[in-house]
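Would you mind keeping the following structure in view while I ask a few things?
For reference, chains read A, B, C and D in written order, and residue numbers begin at 1 within each chain.
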Amino acid sequence: MLTIESMQAFIEAYAARLEELCAVLDDLDNRIGDGDHGTNMARGFRTAADRTASGTFQDLGALCQTVAMALLSSVGGASGPLYATAFMRFAQSWNVCTHVDYAKLATGVAAALEGLRARGKAEVGEKTMIDVWTPAADAIAAHPDETGLREAVSRATNAALATRDIAATKGRAAYLGARSVGTCDPGSISSAMFFEELADAIAGGVTKTTWQTSAL
Amino acid sequence: MKKLLNQADRYVDEMLDGIVAAHPELKRVPGTQVIVRAHPKAKVALVSGGGSGHEPAHAGYVGDGMLDAAVSGSVFTSPTPDQVLAAIRAVDQGQGVLLVIKNYTGDVMNFEMAADLASMEGIAIEKVIVADDVAVENSTYTVGKRGIAGTVFVHKIAGAAAEAGLELAEVKRIAEKVIQNVYSMGMALSPCTVPASGKPSFELGEDEVEIGIGIHGEPGTHRESLRSADDIVDTLLERIFAKSGIAPPDRVAVMLNGLGATPQSELYIAYRRVAERLAERRIAVHKTLVGEYMTSLEMAGFSISLLKLDDELTRLLDAPADTPAHRQR
Amino acid sequence: MKKLLNQADRYVDEMLDGIVAAHPELKRVPGTQVIVRAHPKAKVALVSGGGSGHEPAHAGYVGDGMLDAAVSGSVFTSPTPDQVLAAIRAVDQGQGVLLVIKNYTGDVMNFEMAADLASMEGIAIEKVIVADDVAVENSTYTVGKRGIAGTVFVHKIAGAAAEAGLELAEVKRIAEKVIQNVYSMGMALSPCTVPASGKPSFELGEDEVEIGIGIHGEPGTHRESLRSADDIVDTLLERIFAKSGIAPPDRVAVMLNGLGATPQSELYIAYRRVAERLAERRIAVHKTLVGEYMTSLEMAGFSISLLKLDDELTRLLDAPADTPAHRQR
Amino acid sequence: MLTIESMQAFIEAYAARLEELCAVLDDLDNRIGDGDHGTNMARGFRTAADRTASGTFQDLGALCQTVAMALLSSVGGASGPLYATAFMRFAQSWNVCTHVDYAKLATGVAAALEGLRARGKAEVGEKTMIDVWTPAADAIAAHPDETGLREAVSRATNAALATRDIAATKGRAAYLGARSVGTCDPGSISSAMFFEELADAIAGGVTKTTWQTSAL
């Protein structure tokens, strides 16, 4: 079950993870983009965590809206509006809920994915975070339970690693054409981390990927 | 790469303070990363911006005859919608605001979100998206061409249109016309280093160069071995000619833009060849700009932009401008 | 260091061709390395110059309100007397010529020989020697202070005096007054590479900087470890204050000059501190120039120049100028 | 005896030597100046050699004047006017002479030294070419014969090497203050080469210094 407390814990854990792996994400983005994805994400989720840690929230809607606004005003770049959109959709889906079950979790993630697609106009296979959010959302929708959530993490991880072999057609890596093959998409890796931390905050016991640059 | 800075996370903030300290004709909207004219004018307003690290773009173009506001994000990172909104609010004089956006996913999304918010506040808002970089194949399936140095011509010409008192739709039409007619391509001899990361954006061998480079330290479309300045200019120009179809009796404005570390002497050596090639092709040059107009921190390299002119664009290009980075009388 | 060039021995020649191709308001005296205004004016003429590699100095300052001719030697090498003489002959309108020389043995000797030759031809000729670099101890036993970026203030102010129709002795008096009142000091984060040699002018460790640098790639007065931008600015300013005695109620013009590869963003970060320190000391800033005015090829680093103003200098500094590298209205 | 032919041979030999050792002189100048002394000198004497090789000259005065003008219009920097001045003084000293004996050679070199001092306003001990020309001129003046000439070469060489220990007070190296100690003055080294080549052209059999950067 996702509660206000586990959501707060998730935001803090994800912020800490991004700070820890900031250089890995920057490195990836350096190779096929402009080298700031880790810095952007860490800055954004640190801001979000600081704003949500202290506050008291009536419901998950208010909490997710606060995260969305924090991201929107602190990230910039492509990832800012995208992750902010995801949280806006969470906020709409979980409005007036103080906690949500797996079914509502699945609805929220599906709504977030739809938001990302509308915002970024990317399809699966274009080497963007859509490649990760899509199988993750599918897995939870197919099995709206703990198994489905763990399945979502493992599919997200695999999908993130699989972006290595794709030539980007959206986002900044698209300008490199075929040269983008051979490096994982940074936004996909940060998205896979997102599902790892989310599942860990909800269900616990998630074995986290080490995400070492050399393997990405 | 050594940097002249205090703390990486204060880089943009301190730069903006330095800009307004140096140029009393500019001011900073308090609490934001927005630079506006100290003395606004009653006219359609122009807002441009993007990540920092492209100086003098964008704040250097705020002033008479060009922009009304520049919004600066972190280095190479699009500014957030609230910053863009702050800029829009600061400059709207009731006659509407035109956003000049460079075609990057991040910039487009952040500026569009701001535009939506501004519309909701009842501000008349229009946008144009600059996509002048012919290095990248344009296709409906991809993100399309990037916006690079040609953006400065949009600032100049749309800025002159706004200054002349034209209404929003007209200023937008003219900006679109510039965008339709401007073609750019760049190359790098060395990478740049984003202050926050402290690492070079890519590694190049002692005799390698990147062709088709953007302005955010991204690698280019391909890597080549270093050739003579003339050969490199020819390579860029060939592609610009092929993609633009510029041919006699076209008349053009030319920008030879340094990316940061290339000495002006070398920019002129490159421009010499551009002039030679244009003369060979009997393409008339109406105006030339050589210098640093849209940079990538301390990247060595340059870009060439050709703008095909008609009478309207020529007249507006020739209008006076008085900004820190571009003055003409 | 990769260079954008064709052949090292055609570097200056091709650069000069590029300059006149880009700026139709300038022309090259055929067969020389001299750049003059395309439309000369009947007035006292100003000739400046030196080695190449300092672009936009010196050809970038040829134009209304500044110079009448710029003479370019090989990179970092004073031009020869015959070149200087060609410049003098090209610009003399019968009202005399003022030579602006930077204080280097080579420049002084070559320009003075040219002055002697010009005098013998009956041309009224005067000279001033700029020595603004406070890094170097001044003493009658040594060569004295170097001339560096402060020279641009001499071009601007003496240029305005000549443009205003003052006679040669007056223009010289005013140039001397600028020289007496301008104080500069520079530092480098990285060396530069002269095209003919292909080797960096010195080696610096990853966290070392050179303080008290000149503009020819020479090492500075001493080496330090890299500190924050604020600390470095403070070091340079302390010495400038100590040597100049500038104190309230003095009013100054400030130039923060990039040496070639330092991004404008970092120049503004440095300028922010300069402004802060001047405000602390209650020294009023009348005018600020931030940018590349007198460079050392692709050296990273900057110099600070303070010019103490009186009413006469202020008026001339504020007069219009229209040259490729400096325009003001 | 210095004849028109040996003077022409000297100019050609010195130009070739400067071309060969250009990088050594540039290196020295890099360390304590602006790195162009070799390039300047090679450019200048190549121009002079090209103009004198082909021409026919009435006397040594005309020949030396041609060299002076070639240097003046092709070198620039500090060394241009200085070496040009030396040749102008040669020209004045050897005007109307088709050949000069050792006594007249001594007069010419003394006049050149005087010209250099007037032009550059440097004294012995300031780490400039004056440090080399002074003992060389003294040696020839003291013994206006072949021995004196050979002595001039050896004193010039030693004086050039001795500039390593001096802190410059004239020329560009003066800006380095104490940091100029430890590197030989490039103009002094080119001057020592000058006397080597001059003596070789006049008397032959001069053992030339190798002038390796590492030893300077």
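One rule holds in what follows: contacts are C-beta pairs under 8 Å (C-beta built on N, C-alpha and C of every residue); 3 or more make two chains touch, one makes a residue touch a chain.
Given the structure is predicted, the values throughout are model-derived calculations rather than measurements.
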Each chain counted as touching chain A and chain B at once: none
Rounded Å distance, chain B centre to chain D centre (Cα mean): 54
Centroid distance [mean C-alpha coordinates] between chain D and chain C, Å: 32
Whole-Å gap between the CA centroids of chain B and chain C: 29
Overlap residues in chain B, where contacts from two or more other chains coincide: 75
Chains that touch, pairwise: A-B, B-C, C-D
Residue ranges of chain B in contact with chain A within the complex: 51, 73-83, 104-106, 109-110, 113, 135-137, 141-143, 146, 194, 196-197, 199, 201-202, 214, 216-219, 221-222
Partner chain C, residues of chain D touching it in the complex: 23, 26-27, 30-36, 39-40, 43, 72-82, 119-120, 169-172, 174-177, 179
For the chain B and chain C complex, residues of the former touching the latter: 2-7, 11-12, 14-19, 21-23, 52-53, 55-56, 60, 75, 189-190, 206-207, 209, 226, 228-230, 232, 256, 260-272, 275-276, 288, 290, 292, 295, 297-298, 300-302, 322, 327-329
